[in-house]
Structure formats: C-alpha cells, structure tokens
C-alpha cells in the first residue's frame, strides 16, 4: 500500500528517516510532504490527499478531530520537543538564565509565538523570567522554528530559543554554545499525530502510526533531540 | 539526491507549461490592453496586476478556498467530473498562471503600445490579415518585450513557491517543485544540499536566460 | 486591529521607497541595457533577472548570510560602523530593491528599446543634452513601460513577503509589513481577520493601480 | 463637380467618401475610369493622403462607397477590411517594415498575393534594387526607401495602385528613369492608378483623369486634357500652365526628332532617350507649356524655332506680375501662350488677331 | 576637387569628413563660404543626408574636421556632441517629437536656445502654422510636418542651417511662398545654410556655392555660378541646364517687367509676385535655361520674344536624342542654347557664326 503523511516542517527530516525505515520493514510506500502546521491544516480542510498528520502541536490534530476530518482514536503524542538557548558564539551561553536576565546580546530569535509551539514556549519562559516586556526590542520573530534558527545560525541574532533538534544540528555544523532550558520553565511542547478520516482503511497509514509507537521509531526520534 | 529528479521534472514541466500558457493567453490580452480605447482598459489592467499584491501563500490560500470542494471553481470542476484541482499538477498550473500573469501581460502591453501604426497599415495593404500582422509584424517588432515577458514569466514561475506550496501540497513527483525542495532543505538546515541546489538552479537559470535572450534575437533575424 | 496601523505604515514606506529607488536605479540600467552594443548586455540582463528564480525565503537566507557579521556585506557595513543590516528597515529596503529589480528594469528596457533614434537625433540638434533628452523625450515616449515598471515594482513590493520575512525579522513598527501580518493570520488560522485584511489590501491596491495608470497618462499630457 | 460620364456600374471606379479628422473633413464623390491613371492634385493639407488611406481601407471611420469595376470594397452595408482590398499602396513616408530586409519587404506582399518569381525579379531589376536586397530599411537613403516601397506595392499584384507622391524623394534622373515604367504599367497591365503628386510634370505625363482637391472637396474632376486645358482653374494660373494635345507620331528622323500630327497642326518634338523608337501611328501626348509659346506677326524661318502654327487670338487675360495669358485657336485646338504685357502693347495683341505661335522643338514634352 | 580659395582660418567653413556605413563610404573635403547658401546636389543615395548628419554630430563614428568660422565642432582632438553644435537641422523625414504638440515642438529647441517670443511668432506667422499649433505631429499631413520641422529649426537660433530637402513634400505654391523667406534669411541673418535638394529650381534660386556629390565623393565644389555654368559637369547634361547671370535691376515698369543690366546685355524679366518692388541697383540673379534660348539669324522685332542678344557661337556639342547644346558668347558672357539637330542643319550653325539669341521675358527666372 501507499500513504502520504503531512509533516510539520520542523519534524520533516526525522519523518523522512522514519518513513524510509518503515518502508524497508513493511514494504509500504510512504510519501512525506512538509509545510507549516497552519498550512497543512488549511490544506487538509480543502481536500488535500494526506493520510496522516504529524503536527508540531497537539491542538491542530484535536481541531481536525472535532471537525470530523480525523479519527480521534488515532491521536498519539509522538514527540515532546525541548527548548534550547543556542548561540553561534562559543563563549556567549554559559549560564543561559543569567544571560537572558542580563540581556547582553543584540537580538534574540524565537519563532512567532502565535504560530509555532516553540515560540509559545519561548514566550512562556521569558514571561516567567519576567523578561518578556523588557526583551521586546531585541526579539526577532521567525515564521517558524526554521527561520528562527536561520537568524541565529547566520549570526544576525546572537542567540535564539530553538528546538533542541535544530540546535543539535547547528552545533554539529558550527559548534557554538547552548543551554537546555529546564522543562519546568514551560509547558511541554507536545507534538501529536492523527490518522485522517480518508485513510481509515489505509493499511499503510494505519501501519505507520503503529510503527511510530514502536521502540525503533522512538529511538530515532529521541536521537534527534526530542523527548 | 533521490528527491531531486522528480522535483526537477515537475519544475521544468511547470515552468515550461506556465510560460507557454502565459504567452498564449497574455499576448491577446496585452494586445487588447495596448490598442483598445475602451473604458475597461485601465480597470482590467489593474485587475491583472492585482494578484501580485497578495502574499503568495495568502493568494494560495484563497485559491485553495476557490478550488476546494466548497469553492466556486471546485464546484465547477466537480460538476464537470474533474474532481478538485487542488493538489494536482493542473491546479498548480492554474495557480502559477494566475500569479505570473502580470509579469507577462504588462511588459507585452508596454511593448505593443510602441508599435508604429503606419507599419501595421502597410502590412494590411500587403494582404496580411490581423492575425498575420500580429505574427509577422507585431511579434518581431516587440521582440524585447517578448523576451522580457518570457524571461519574467519563466523565472518567476521557477522561483515562486508560496502559491505552489499552498495549492500543490508539496507532493513528490507531482507538485513538489525545486523551489519547495530548496525551501525544505534550508528549513531542515541541510545547508550543504541547499547551497548545491541553489547554485545549480542559478547556473542553469542563468544559462537558460542567456539562451532565451539570444534565441529571441536569432529567431527574429531568421524570420520571414 | 492595533497591529494593523504600524504594518500599514511600514508597508507604505517600504513600497514607496522601494519603487522610487527602483525607478532611479532601474532607469539608467535599463537605458544602458536597451542601447548598448556591449557584449555584457545579455549576461547582465540575465543577472538582473536571476534573483527571481530563487524562492524568496531562500534568497532571504542568502541575504542574511551576506548581511551577517561573517558575510561580505556585513563585514563592509561593520567596517563602516553601521552594524549589520539584518532586521532593520534599511536592510529590508535593500532586499526589496534587489528582489524587485527585474520587474522594473526589464519592462523599462523593453520600452526604451522601441524608441525611434531619429526622434532622439532631432532632440539633440535642438540643444537637448543626453540627460535632457532622456527626461524630455525618452521618458514621455516610454510612458506605457514606465507605468508597467512602477506598477509591477510597487505591487510586487507590497505582496512580497518571503524575503521581507527573512531579512526583516517581523519586528512591529519596523519590519512587519502587511503581507507578513496577513500571512500570520492565515497561518494562525485567523481566517476572519485574514479575509478582512486581504479584501482591504486588494481594494486599496486596485485603487492605487487605477490611479497610477491614470496619473501616468495625465503627467505626460501636461508635459512640456 | 465630378464628371458623371462613367456611371455605368461594373466598369468604372466609384468613390463616395465622407470622413472627419479633427477640424478637417473629407467629402468626395468621384467617378474614375477603371483603366488609366487618375491623378489627385491639390495643395498640401487638402486631404490627398486621407483620401488614399480611406480608399485603401485604412480609415475605418470613413463612410461611403468604394467600388472598383464590379468589386465593391465598401458601401452602406458592408466594408472589406484593408487586407482584403487588393490595392497596392505606396505611402508618402515609405513605411517599410523595419524588422525585415529589403528583399523580405518585397516578398511580404508578393508571397501573400501569390506572385511569381519572374514578377519579383522584374521589378528588382527595373527599380535597380539588387544591391539593396540584404539591407534593413533603416539603412536606406530616402530615395532608396521610396523605390523599395514602390516595388513592394507593384509585386503584390494589386488590382488598383494607390500612390502617394511615390517619386517625391527621387532626383530628376531617377524620376525620369522610373516614370516610363509607370507609364508602361498603365499601358500594358491595365491596372488603374490613383496617383497623388505635387509635380505638374508627372500630371502631364501620367494623368488620364485629373482630380483637383481643395480643403477636402473635389473642385474639378475629368479627363486630364479637359481639366488641364480649363483656364479658369487654379492650375491654369500656375507657372506650369499649358495644354496637352493628343498626337500621333508620323515620322522620326535619324537624330530622334519626331514629326507629330496634332489637332493644331504638324509639330516637331524630341522624345526622351528612354523612349526613342516610336512607330508611325503611335498615339502620343504632347504638352505645350504657355511659357514656351512665343507669338510672331510673321512666319520667320531663319530661327531655331522649328514649330510655327498659324493661330487666332481668342482671349487675353492678365496674370499677376505684368504677364498676360493668351488663348489661341490653332486649327480648332486651344493653345495657351504667356507673354509680357509689354509685348501685348508692342504687338498690339487683341482678340481676333491672326498670327504665328512659335514653339521650340526641345521645349515640347512628349 | 574642392575649391581651395577660402582656406583662411576663422572666416569660412571647413569640412573634412570620412565615414563608412556598410558598403558606402563618405569622404569629403570642402571649404564653404560662411555667409551664404551652399547647396549639395547629387543623385539619390550619394550620401547627402549622411554628410548633413555627420556635420550635425549625429554620426559619432565619422572622423574628421568640421569648423564654422573660428568655432571648431570637431577635429582630430575633440568632438562636440550634437547638442553643443549650434546647427539647425531639418531632416528628410520631419522627425517631429511625436509626444508633443506642434507648439511644443517649436518651443522645444526655441526654449533651449533662449529665443524671444517675437522670433517664435515671426515664424509661426511666416510658415502659417497658427492653425496647427495644438495638434500632434501624427495628425499633420506630410507637407504640414515639413513646415513645422522647418520652423522648429529656424526658431532654435542656429548658427548654421542644415536642411535636407526641406521643401520636397510641399506643393509648388507653398514652395514659392517659402523660398523667399529662406532667401531673406540668407540675405538678412547671415546664417550660412547647407541645403540638400533634388530641385534645380531651388539650386538656381538659393545657391551661392554648389557642391556636387556622387557616391560619397565631391565631384565639384565652387561658386554656384561657376559650377552651374560648367558644361562638362553632369548637371549641364540635364534638361534644366542653363547659365546664371549676376544682374542689376535698372527699371521696373508699371506692369512689373524689370529691366536688368547683365554682362550679356540688357534683359527684360518678370519678378514673381512676392518680389515685386526692386529698387534700381538691386543685385539680382537671372537664370537662363538652355531650353528657353532660341537662335535667329536676324533680329526680329515683331515677336513676343522681348530679349534679343547679339551672340557668337563658340562650340556645338551633340546631346542624346537629336538635340545639340550650343555655347554662345554674348558680350563676353557664356550663354547656353539647346536646339534640334534639324535647326543646326537648317540654319547652318557653326562656331564663329554671329546671330541673335532670343529669350522670352516670361521664361527668365529671377
């Protein structure tokens, strides 16, 4: 069989690895399409031929269920993202919290809190630290985490509050310095998956969701910086 | 690099077909806009340019609305037994054409407007019908405008990605074009791949643009 | 609707300034491209069009690389004591100009190419210097091309959003333009707001385009 | 106004056109012969080009009738578009196709009209276009452009030639070379021509029918001889006034001098080099300009004035500048002479006086 | 080739230009007077327009020298661009600015040259442009465009007028109206003119200096009278051959007949209406065309031929078509007569024969 999975951009790379692995094991063909969660939502509402949604949040799948476009029973939290304060400058981030309090950087890149769960988490963290208002002039907003990452990666922003998955990737490439934000500082960034109604009887799709719950998949996901 | 080939094929097909359709549609429209004295000239000229002022994704969103099962276009295609156009190559083509239309129509219009009526009159007295005059006089004389239109139409379709992403749904082999692939690579921090792809795209496009400009000139010299 | 006003202001400023700069830069460049016999004509024409074939966000990414502290442009502006251009209005302006350049240069080039040399010769014998001829003969005679260039340049800047998003960093009152706002609304599934904003933008742009086309005509008739 | 002799449907040319352009209005009704040259003559701005354009179908707002023999190009009910009217137009400004070579300009109409290779070659030869064939229009001199435009119209197999000052940019020598070809077309091909010119010489040589146009209205239209000889018309006041006689060649001596039989008597004339070799009996046309006719009370044979015609003065009319135009009756044929007022006094010239009209053979235009 | 009489730097005009365009090459060296009309005459395609364009600075690749009095427009070292050469050019195709009204076309150069309102009005008046002022170039007739182009050059306060067939699209009447104004400019304003024309009449009336051009080379250049009277030149072979005499008005009768003192003797001539009223002593120029001169063995006074000059035949040269060109010596002045070969035989014309040259007063062109 064959299935198309719609994946939030930030998880696209991992999803492709998983899809390949799953295809090798099951013989089913999986096609991965990536876009922002908002776009995927709009597309699904207008008849996009997707079978599974791997969302960047846990609210969009629920919304789809409520609208009858997805199957409630299939809801599954496939990953929990972690927030990292990353800088390309190797010396900059030692004590992240202190750095955020001091504000000794030119710009802080985050994803747009209205659009991206990681952005919302960053806002929550800064609010808790009492720095949200004070840091406003230094904030630059990416449309998604990818863009926020590019702001920091190109060193146009000294620091960024980013997904650990991307920060690991960046560190691999250019080093830099980072601080893993403690999970208590923000509500967990839960990313959930859901089977879309049109794929109710799609063995390949149902099988992929099954596979996602398995140890092999979980190991891959964890290796890429998700809890 | 396995996802590259399907994307190249889709891109080439999309850009080629879009440019072709744009020229075929754009030429009569531009000719009309350039020559008519109708009061509709100005508003219609503005309407053609209008899709440009919307951000591509937003335009894509509205196209999606229109093409979806509940949208007017979707209902039409549905009634015709064609299903919906969204997420198909045809839908992508339609969206691209709509979005790149002004880049073709307006330069052509400006070019056509400059053609000396006396020369067209002369051609008419030499038995050339209106269509014949258009092909044998107007087109060769508006070569710079034609090259511009082709060039802008083509390049814009290659680079366009907001509408494509929205209407096409990034489906490999069908609607995933190079621009979307490149976007994905950058998002995924696959910068190495992205540099390579961007470099290749630029080089290829540069050569294509060069060729286009030169061919435009050749064709005309060989004409008649 | 409080975020609307700053976005409107930034957009108007950006589109206005970009169009102005584009016309100022584009006219001599287009004139050169239209009249030179240099072998550089074709490749330079292609280079001008090249930014278009990259998806805007990708172009934005490369601009960010270039403008960043390690990029060539960033090192230049740094050495000049200007800091980096990213996330500033000036940076945004630079990016917009670069990206919309072909929409202005190419139509102008096509228009300029059609001007009869005999008329320019006549003006020269009537004591008009090259600049004077450009202003008093070339520009009025290429009115359709000028309108097209202004229209495409303006509309494209208003609608452009990928580059803006990337280089601008979406800072309210500084770099957040309407197109980004609209995009955000669609992404955030705030479709009601989006419909309103898109409708308003379309209506306003329609009126602006109408006015532009009419003004273009008036100015010329009043000329000389 | 217009001469109504050829109203027979199906044979002549009928033109009835109304057209406004700004303050200018054209309003003409003409019947022209379908097998000769009709020259349109009139001051600058009188509407000659507009008339030709309207006939060719290039003024879509011109209303009226255009009929060539039994082919209706336009009437109240329908209107052929320009490309379906088989007219061959030479525009006042050559209007060559700027993107094509000279050869391709020629071939443009020729191919569409299905001309033969021979036709194309013939006119390339006659108008000496061979060295220009590969060139673009913009690189041609003014006169070269005009020759190409003429050839382009001629090879498009027109049923009616509409020529707007086709020779105005040519030097005298070229003009003299090309005129005979136009005369030959008129004679051999039977293609009617409507010919706009400012040159009285061209009128005299080509016109079968002459239309005088002024401010968009026809002020005279008729057989060229009649109109040219009407002394009350503006033309007669012009320096080039004269009469045109139908003649017949009788004899040509070894030096090229031709003896002609004319209604006014036997005349001697020289034929231009290009036209030496007239058979006896060939019908010819001689133009006698008023300025070339001198008057003598006796017949002097010791002068180089070879032509002496007995004549009677019928009228004298003063002209501006101290000159007098004299109408003569020479064997029933009208002649015009222009002399000084002083001569009128000295010779006591008056109506009824019998005398001799003297004309140099080299002054006669055949 | 060129006459080298005016080599004095600072007063004359010096032109030395080389230019290639495709197969055509222009190579001229000319000295022209700086205060008269130099007419350039030559067949179509010989390079007249190219020469004018090069002088005006419109052919950037033309090399050489252009100097007007002490103002150097171009030499080996530097080259003024076209807009800094103060030439007034009338192009063969009027080249009006298509986006401007007639008035704005006139004002274009006028304003840039700092002309006065009076100057503008003067030429609008003289060339009767008032009714056209608001119109666009494209709506003008061919002749109207030419008039506007002429006025446009004249109001731009040129130091040198470069006119490329400025009257070719005009009818005879208009031409006759405008010529006197050009003559007046030449007389009054002291602006030199370089005048391209195909019309021998314009040559005769305007030229002080005549340049014959052929295939890009100067074949003759000199005072107009000398060149016009040189019988070995192509011009002399043309139908319009003749001689031009410098004359002085003596007396004008009440009818407008002028008595002229010429080197050949006393002549009677008519002045065109526009030029009635010559004071005694006014220098004038008379042209006597060979075709208008008849020969008589005795002086006949009973004819309308008012002018009888005693003359001696100096040479006979046969022309094509059975005509003979005869050179006469009339009181030391060369005259040309063209007669039939038959007359030569009949009157036994031969060198040395003394006879009378007869010329009609109305045939003399003043």
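As written, the chain order gives the labels A, B, C, D and E, with residue 1 at the start of each chain.
In the analysis below, contacts are C-beta pairs under 8 Å (C-beta built on N, C-alpha and C of every residue); 3 or more make two chains touch, one makes a residue touch a chain.
Values in this document were obtained by computation on a predicted structure and should not be read as measured data.
Chemist: Which neighbours does subunit A have in common with subunit B?
Modeler: Shared contacts of subunit A and subunit B: C.
Chemist: Calculate how many whole Å lie between the centre of subunit A and the centre of subunit C, each centre taken as the average of the chain's C-alpha atoms.
Modeler: 35
Chemist: How far is the middle of subunit B from the middle of subunit D, if each middle is the mean of its Cα atoms, in Å?
Modeler: 56
Chemist: For subunit A and subunit E, what's the span in angstrom between their mean Cα positions?
Modeler: Comparing mean C-alpha positions, subunit E is 90 Å from subunit A.
Chemist: CA centre of subunit C versus CA centre of subunit D: separation in Å?
Modeler: The mean C-alpha positions of subunit C and subunit D differ by 60 Å.
Chemist: By residue number and range, which residues of subunit E touch two or more other chains?
Modeler: Within subunit E, residues 93 contact more than one other chain.
Chemist: I need the residues of subunit C touching at least two other chains; which ones are they?
Modeler: 57, 61, 141, 183, 186-187
Chemist: What residues in subunit A touch two or more of the other chains?
Modeler: 39, 42, 147, 150
Chemist: Write out all the pairs of touching chains, ordered by chain label.
Modeler: Listed in label order, the chain pairs in contact are A-B, A-C, B-C, B-D, C-E, D-E.
Chemist: Which stretch or stretches of subunit B touch subunit C in the complex?
Modeler: That would be residues 34, 42-43, 45-47, 49-59, 61-62, 102-103, 106-107, 109-111, 113-115, 141-142, 144-145, 147-148, 151-152, 155-156, 158-162, 179-180, 182-183, 186, 194, 198, 201-202, 205-206, 209-210, 213-214 of subunit B.
Chemist: Quick one: in the complex, what on subunit D touches subunit E?
Modeler: Of all residues in subunit D, those touching subunit E are 21-23, 42-45, 48-49, 92-93, 131, 135, 139, 141-144, 147, 165, 168-174, 198, 200, 238-240, 253-257, 268, 270-273, 276, 291-292, 294-298, 300, 302-306, 320-323, 337-343, 347, 349, 358, 360-363.
Chemist: Okay, in this complex, where on subunit B does subunit A touch?
Modeler: 57, 61, 64-65, 67-69, 71, 74, 84, 86-87, 165-166, 169-172, 176, 184, 186-191
Chemist: Would you pull the subunit B residues touching subunit D in the complex into a rising list?
Modeler: Going through subunit B, the ones touching subunit D are 118-119, 121-130, 132-133, 136-137, 140-141, 143, 220, 223-224.
Chemist: What residues of subunit E sit close enough to touch subunit C in their complex?
Modeler: The contact residues of subunit E facing subunit C are 53, 56-58, 81-89, 91, 93, 95-100, 104, 107-109, 112-113, 152-153, 156.
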